[in-house]
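Take a look at the structures below.
Next come two complexes built around subunit A: one with subunit B, the other with subunit C.
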Partner chain A sequence: MPSEQELQISPIVQESLVHNSRTLYNLQSLTASLFGVSAGILGLESYSGFVFYVALSLVTAVLFYALRVAPTSLASGKPPLDTSRYFRGAYDFWAGGLMNGFAGFVLTWTLFYGLVTA
Partner chain B sequence: MAQVPVQSIHRDPQLFYWILFPITIVMILTGVLRHYATVLMASAPKKQDQKATREQRSLLHGINVRGNHHVLSKPSFTARRDALITAYESGAYLKNPDSRGQPPPNPMSDPNAMEGMMGMMKNQMAMVIPNTLIMSWINAFFSGYVIMKLPFPLTIKFKSMLQAGVATRDMDPRWMSSISWYFLCIFGLQPVFNFLLGSDNAASQMAQQMNQMGPQGGAQMFGPGVDPNKQFLAEAENLAVIEHHSVLDGVEQRLLAGIKV
Partner chain C sequence: MVICILASPIIVIRSFGASRPQAQEASNTAMTLLSKTITAFGSLLLAHACYSAREHTALQSIRAATAATLTSSSTAATSLPVDIIIETIISTFIILLGLVLGTRPLRPLEWRVWAGKIEREGEEGFTDNAGAVDKDYMGNPFSVLESRPNFVDIRKQRKEFAEWVQKGDGKQGQ
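What follows is the complex of A and B.
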């Protein structure tokens, strides 16, 4: 965590941070619904469905990092897998998708499971 | 150990067309309607007279000077601080300087406060009325049978919630009735609304409740029942205790350290 003086010398723009998190949130909730659709069509039940969801969320986070964050973040001298150039908390970036998209996942999973197996 | 046979219930495939899709479509349309109703009902900020605006802005001025003191040089910060503290303590920016020291008026009798409460009431209404209507609609038309099976097992505790109105004791709690589909829709439609209406929509009541927790500070600061004189005095004290330093302190050393020959 940078000290107060460092923050004042190179300040963090709050609006950009909010915009970044909102973009990430939109991606997470949309992909979670789509994962629900695929889990329902595949007919996954109980644990395998949840494992499917967790694994695919992590894959999404990794892809997002590799395609959007890594090119400029690595070029500016950050270590690999460090998202602090664009996002405040590493936890929000890597695991936030699990929380944000869960309700949407359950909804579409139930819907498509019901439609397919009826 | 005997394997528990998987329950299967023969349902009419028409159930989906006549129950599942109507409920889902109605939920989505209600969300869209709620969003536009909130947009249309949002009352424009009321025009305030010059004195009240000056009172609020000068307090904000003090707060901003305190928060950004590091970008000012020492003499200009001192000049600002002295001017603000003098004005705050003499009450020069107060809306009515005569009422200093008197207790603030009762917030219930202030017409401005009533307006704010009306706005909140309207929002609450926009949330409560559609929910009640839809729930009674589902209860009236679609209760008494199960429509779908959840893809994951649940404990027996959920039975009374998911199978409300279905009095079958031995049925697996995975079977759910239409009212539980309604609850799933309430929680899970946020991504759909994000997709349809943009991400700062007012469609989902869940997101609205989250928002109500958050930015209380701005509304409370100039809310009714707060004595502006006390706020000014507190702000003057805050300004007085600031230990000023500038971002330009030691900038030469930092510049030289950053230059690689």
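What follows is the complex of A and C.
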């Protein structure tokens, strides 16, 4: 997290921050529901379902980095896996999906588990 | 902020390529079509996998019901066939790819990077996937400063005008 002095030297555009966070949040909610559907179809139960979710949300973050962040971020001289061109916290980018989409995941997971097995 | 204001008169580069916006717009629409096609294809596969899994469990329960009359019902707890599992996982990844491709382009966070992008690309750098300019695009943040009369290079403009008049006269003369 940048300090006050760094923010004074290189200011941040709030609109871009909101836009990028919203884009990422929309993707995470959508994909979490999708992962719930596939977990329900696969008939996963208890821990294996949660492991499935954690693994796939990490895959989502990596894919989003590779397709959306990396082309311009690497070209501007940032090191690999550095998201500071578009996002403020690295933790929010890589692990934020675990929190944001969890409710949607459980919802569709139970729904499709019930649809398929009942 | 102070640095930005001080630096603003220096940033007076306006280079709008004539062919570039159209090319970018075309690639954006192609991108939208691509992502939608991929997502639709993946959804189709996922729906098929879901239907197959449903049919499989239904078949299993029928078989278990008929087998229960003959032997002990130990066959009820069989897992999904491998092809349904593979289809589900592959379709999930296909939809995931389509959704990631369908996300809107990000914007640079740092003020100087963002302002530089505006200077270089104009509103073509701030379009969504369909090629339409974002609603909250507000253009050059320094436009008020750059249009100050004190900073207008009047001699250069006069020279350009004189050249333009000369060229126009030459054309009319021929």
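Here are a few things to note about the model shown:
Following the convention adopted for this analysis, the second predicted complex is superposed on the first by the 108 of 118 C-alpha atoms of A that agree within 3 Å, B and C clash if a C-alpha of one lies under 4 Å from a C-alpha of the other, contacts with A are read in each partner's own complex, and residues count from 1 in each chain.
The rule is short, and it goes like this: a contact is a pair of C-beta atoms (placed from the backbone, for glycine too) under 8 Å apart; a residue touches a chain by one contact, two chains touch by 3 or more.
For clarity, every value in this text was computed on a predicted model and none was experimentally measured.
Once chain A of one complex is fitted onto chain A of the other, the partner contacts of A:E45 are limited to subunit B, with no touch recorded for subunit C. Once the two complexes are overlaid on the shared chain, A:G104 sits against subunit B while remaining clear of subunit C.
When the two structures are aligned on the shared chain, A:L30 is found in touch with subunit B and with subunit C.
Once the two structures are superposed, subunit B and subunit C can be ranked by residues of subunit A touched, with C on top.
When the two structures are aligned on the shared chain, A:I9 is found in touch with subunit B and with subunit C. When the two complexes are overlaid on their common chain A, residue A:T117 makes contact with subunit B and with subunit C alike.
Touched by subunit B in one complex and by subunit C in the other are residues 8-9, 26, 30, 115, 117 of subunit A. Of all the residues in subunit B, the ones that touch subunit A in their complex are 11, 13, 16, 20, 24, 70-71, 147-153, 176, 181, 184-185, 187-192, 194-195, 199, 245, 247, 254.
The part of subunit A that touches subunit C in the complex is made up of residues 8-13, 15-17, 19-20, 23, 26-27, 30-31, 34-35, 37-38, 41-43, 56, 59-60, 63-64, 67-69, 76, 84-88, 112, 115-117.
Residues 1, 3-4, 46, 49-50, 53-54, 57, 79-80, 84-85, 88-89, 91-93, 95-97, 99-101, 103-114, 136 of subunit C are the ones that touch subunit A when the two sit in their complex.
If you check the complex, the residues on subunit A that touch subunit B are 5, 8-9, 22, 25-26, 29-30, 32-33, 39-40, 44-46, 49-50, 101, 103-111, 113-115, 117-118.
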